[in-house]
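Same chain, two partners: chain A is paired with chain B first, then with chain C.
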Partner chain A sequence: MGTYDVHVTIENKPGISDPEGDTILNDLILKGTHSTITKIKAAKMLKFTIKEKDKKTAQKKIQEICDELRIYNPMVSKITIDVFDA
Partner chain B sequence: MSLEPQELEDLTSKIGRKPTSTELQIVAAEWSEHCSYKSSKKHLKMLPMTGPLVISEKGYDSGVLDVGGGYVVTAHIESHNHPSAVEPYGGAATGVGGVIRDILSAGTRPIAILDGLRFGDIEKDQQARWLFKNAVTGIADYGNCLGIPTVGGEVEFDKCYTNYALVDVASVGFGKKENLIKNHAKKGDLVVLLGGSTGRDGIGGSQFASDSLESEDRSAVQIPDPFIEKLIIEAVLEARNHNLINAMKDLGGGGLSCAVSETADALSIGIEMDVDKVHTREPGMHPDEIMVSESQERMLIVTDNAKLKKLQEICKKFRITCSVIGHVTSDNMMHVKKGKKTFARLPTDVVANATLLDRPSKKPAYLATIEREKKLKPISDYSKMMMKFLASPNIASKIWVYGQYDHEVGIRTVIKPGRDAAVLRLDNGKFLSVKIDGNPKHCYINPREGAIGCFEEACRNVVCTGAKPIGMLDHLQFGNPENPEIFWTFLESLKGLTDFAKYFKIPCVGGKVSLYNETPSGPIKPTPLIGVLGLAEKKHQTNTKINTDDVLIVVGNTKNEMGGSEYFEYIHKFIGGRCPVVDFAESKKNMDTVLDVIKKGILKNVHDCSKGGLAVAISEICMVEQIGCTVSLDKVPGEKLDTDRVLFSESHSRYLLVLEKTNLKKLEDILKKNKIAFGVIGKFGGEQIRFDSGSKKIMDLRVDKARKTWINSLRELVVHG
Partner chain C sequence: MKIGVVVFPGSNCDRDMYHVLTDVFHLDTQYFWHDKGLPKNIDAVILPGGFSYGDRLRAGVIAAHSPVINDVRRLAAKGIPILGVCNGFQILVEAGLLPGVLLKNTSLNFMCEWTNLVVENNQTPFTNQFELGQKIPIPIANGEGRYYVDEATLEKLKKHNQIVFRYTDSVNGSSYNIAGVCNEDFNIVGMMPHPERAVESEINPIDNKPSSLIFKSLLHTIGVEN
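Then we have the complex of A and B:
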């Protein structure tokens, strides 16, 4: 058994608009001189700490939890799961 | 998602050649049930749509009523059922956005939102709770960000909406008559697309809304952006003030396809447009996608060369994008190009007018036996039963819902949610009262009488605030119209509404038909939703504190009409019986008399009697005003009925009036003179809500306990399951 930190990033699917990211880009970043920035996407991250036998199981378990508990709506959002050793 | 073979044949013969793929997409969007009303349009004509106050103009998306002093009120109702069923937050929020733009497109400022929400059984069904919670948050977030108050609405739960949601939004606008947009266009005028960028979201939404929700093909999700909507509102109103808008239309279902073809058809012009000029969210979008995208927060404006510069300045000031996408022609053609290449060239009247259908109808088989009642278990303890009833989702206070809405922003809301109808102060010194009502339980048992009942209930609510009904909005929601039994229920409801509207001379100023509302387990119950607008010329009814010894009067007869009642369905789990029927003459008499009495200024409280019957209506007054009341059921007018029927019958045309004892004689004289059925049934005071029959005590509740249960139970249910 190991302890893992699992980061779940929830963001709108590609092609679906992201008003929050667009606003930060247009009204904050581009108003300065940071013209090299071309895109910002807003996302929400949940950090789980989980005890599991290996990284793969940890990832699978978290994916199941997110699906089952409607942590995100698969119609609108996609999630990315990253696992790190705690 | 495409045309039926018959429709394709029809299109081919009308244009005399094979349509291109872009043409097919455009026509499929516009000929969908959602945009074309092909099943319902023939029949909707029966509704009376004119009246002394109604202003009609070609191409209006909302109804316009002249309220005097140079001012108008606009109103519209829409639903966003399919999108809300898969993404309740965004679906409900964008539903609000859509109806607001309809108000805006007449050139009036939106001043209020009302919403009617329906979900499955939230006591047992977690999915229904998830939908409910998120739809409410979506409406609250969107409306609150825009600074438009959500002033009222209704919420109902019924098993027939399992895995589904009905999210209906009505909006009211207000403005000067001289500022109304007089939709017109001439050759050479410019067509401008203003607002959010066009993306791949919501592609095929209107066809999606016209299919039953069964498959996982649920791509039509739109993301709300209330801040852009707010900027659009301000930019459009400023452009209106500078007289820069010749014609305007909001982009809703069917996107550019519908907006362009309908504008051109309504104004008898042609429009030539270039998809390369449309500002898109991502590169490489195909013309087909651009034409049918349902990206939110966009408006189509027709202006001319001389006005364009000023319009662009205003857009720049509000930091919203506007693109000149085309110009007006005189050939009555909708011409879609990409650069120099033509992708679609169709006569606008062909696109905008789908072949209307004559769908067969047949009386549903279930109606033959539905009025039969079964023997019900007698209630042994009414007090206990009543506490359970007050906590039930349909009866419980909806404060958890409207408490999340900003209902005061704009400082017009003089009667706030939680009362019969909301009342808004207008700039001409008058008061506008608004309410929406539906009752699928009654409509299932009798589609005609149920629909009339919804109409009368909305009128009653408006009358309770001292306002006279001046206009009606109808939103007709049914299952799949290809099923003759469902189509029959649609027709029956529509005929009922028409009869009532004609009798009371209340014109229908706007409406919507939403069909194909099917859940995995079958069609929804017929759910017509009726909005009524009322006007109080000088004063509205303000409820004041009720004191000990004040008296309670009921106006109107209580009848043996238990079918579809909350009591039958929630307490006895029984669907059946005779549903309440409105007697037009009695209804009119009661309505006029109550309005007349309100004008005298002697009433401390006026409340309508509807869901849950007399027992619930009286308890509501007690719980809101925090005072007890002793009621004699023997004094309730109407035929002699069993105790539970007197308590819980949902007969229409009934009003509860509260006044000081000293004014009683005055009231009785008026009621007697007008030959109104009424009874002096109760006396306020103490801390108990008590119902007696003769010398027998039937029910006895402590006001504070009942109030606590009634106010908190919905929140408890949502938060803790």
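Then we have the complex of A and C:
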């Protein structure tokens, strides 16, 4: 059994508008001198800590939880799951 | 005849709704706490607005897992009229009882203002006293009110006459200016604007009659004269 930190990033799918990211880009970043930035996407991250036998099982379990409890809405959002040793 | 108003932790339009149902339309109305069941002989269920669970994670998603939703699902399958207003609408879409999703308004603002709706489907339990195309001046009050569906689903909604209300103007970036939808059987209706804030002339400076028809439609559906 190991303890893992699992980061779940929830963001809008491509094609779904992200007014928060657009506002940060257009009204903050690009109004300064940071003209090399071309895109910002706002996302939400949930950090889970989980005890499982290995990293792969931890990732699978978190994916199942996110699907079952609609942690993200699959119509408009996608998730990225990253697993780290705690 | 009994109408149920479901109360979740964080609901804040439940009393307004109760007031309108009892004091304005003289209906036998009862509150139901979200972790209690609903009686079998109920005639309609209303999910009021508010901030259930503080809109944590996403508006409506946590309340959509409340025990009461199983009963709402069961009653809806029997054809009982169900209305979700604002957060109630968000809960119904997150529970999968209505199509689509409600996203943050394009303006990123909490929008509290008067809007105008057009009735697109006058065959639901909440719109059967309207003329098609009738206008309704009605307020919105939400931060996540931008109704979104993909193109294929939008076409399906149009085909099955599931679009109930549209804004006359682009208010918040909603797909096809949609303000309210229903299920394929028409008995579950969700809408972002607040009819309970628009049926009394004292608080509606424009015209309180159109919003009243939402409740009069329900009275007609369940066979109450008043």
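Just so it is clear, the second predicted complex is superposed on the first by the 86 of 86 C-alpha atoms of A that agree within 3 Å, B and C clash if a C-alpha of one lies under 4 Å from a C-alpha of the other, contacts with A are read in each partner's own complex, and residues count from 1 in each chain.
To be clear about the criterion, a residue touches a chain if its C-beta (ideal position, glycine included) is under 8 Å from a C-beta of that chain, and two chains touch if they have at least 3 such contacts.
Please read these numbers as outputs of a predicted model, since none were measured by experiment.
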Margin query: Which partner chains sit in contact with A:S17 here, chain B, chain C, both or neither? Use first/second/both/neither.
Written below: both
Notebook entry, point to check: Between chain B (first) and chain C (second), which does A:D82 come into contact with in this model arrangement: first, second, both, or neither?
Noted result: neither
Check: So, does A:I71 touch the first partner chain B, the second partner chain C, both, or neither?
Finding: second
Next item on the list: Please work out whether A:D54 is in contact with chain B alone, chain C alone, both, or neither, and reply first, second, both or neither.
Entry: neither
Note to self: From the superposed pair, tell me which chain A residues show up as contacts to chain B and also as contacts to chain C.
What the structure shows: 16-17, 19, 23, 70, 73, 75-76
Note to self: For a test of understanding, state which residues of chain B touch chain A in their complex under the given definition.
What the structure shows: 86-87, 89-90, 130, 196-197, 199-201, 218, 221, 223-225, 227-228, 281-282, 295
Check: Tell me, which parts of chain A touch chain C in their complex?
Finding: 16-17, 19-20, 23, 69-71, 73, 75-76
Notebook entry, point to check: Which of the residues in chain A end up touching chain B in this complex?
Noted result: 12, 15-19, 23, 70, 73, 75-76
Check: Can you list the residues on chain C that touch chain A in the complex?
Finding: 57-58, 61, 64-65, 94, 100-101, 103-108, 148-150, 173
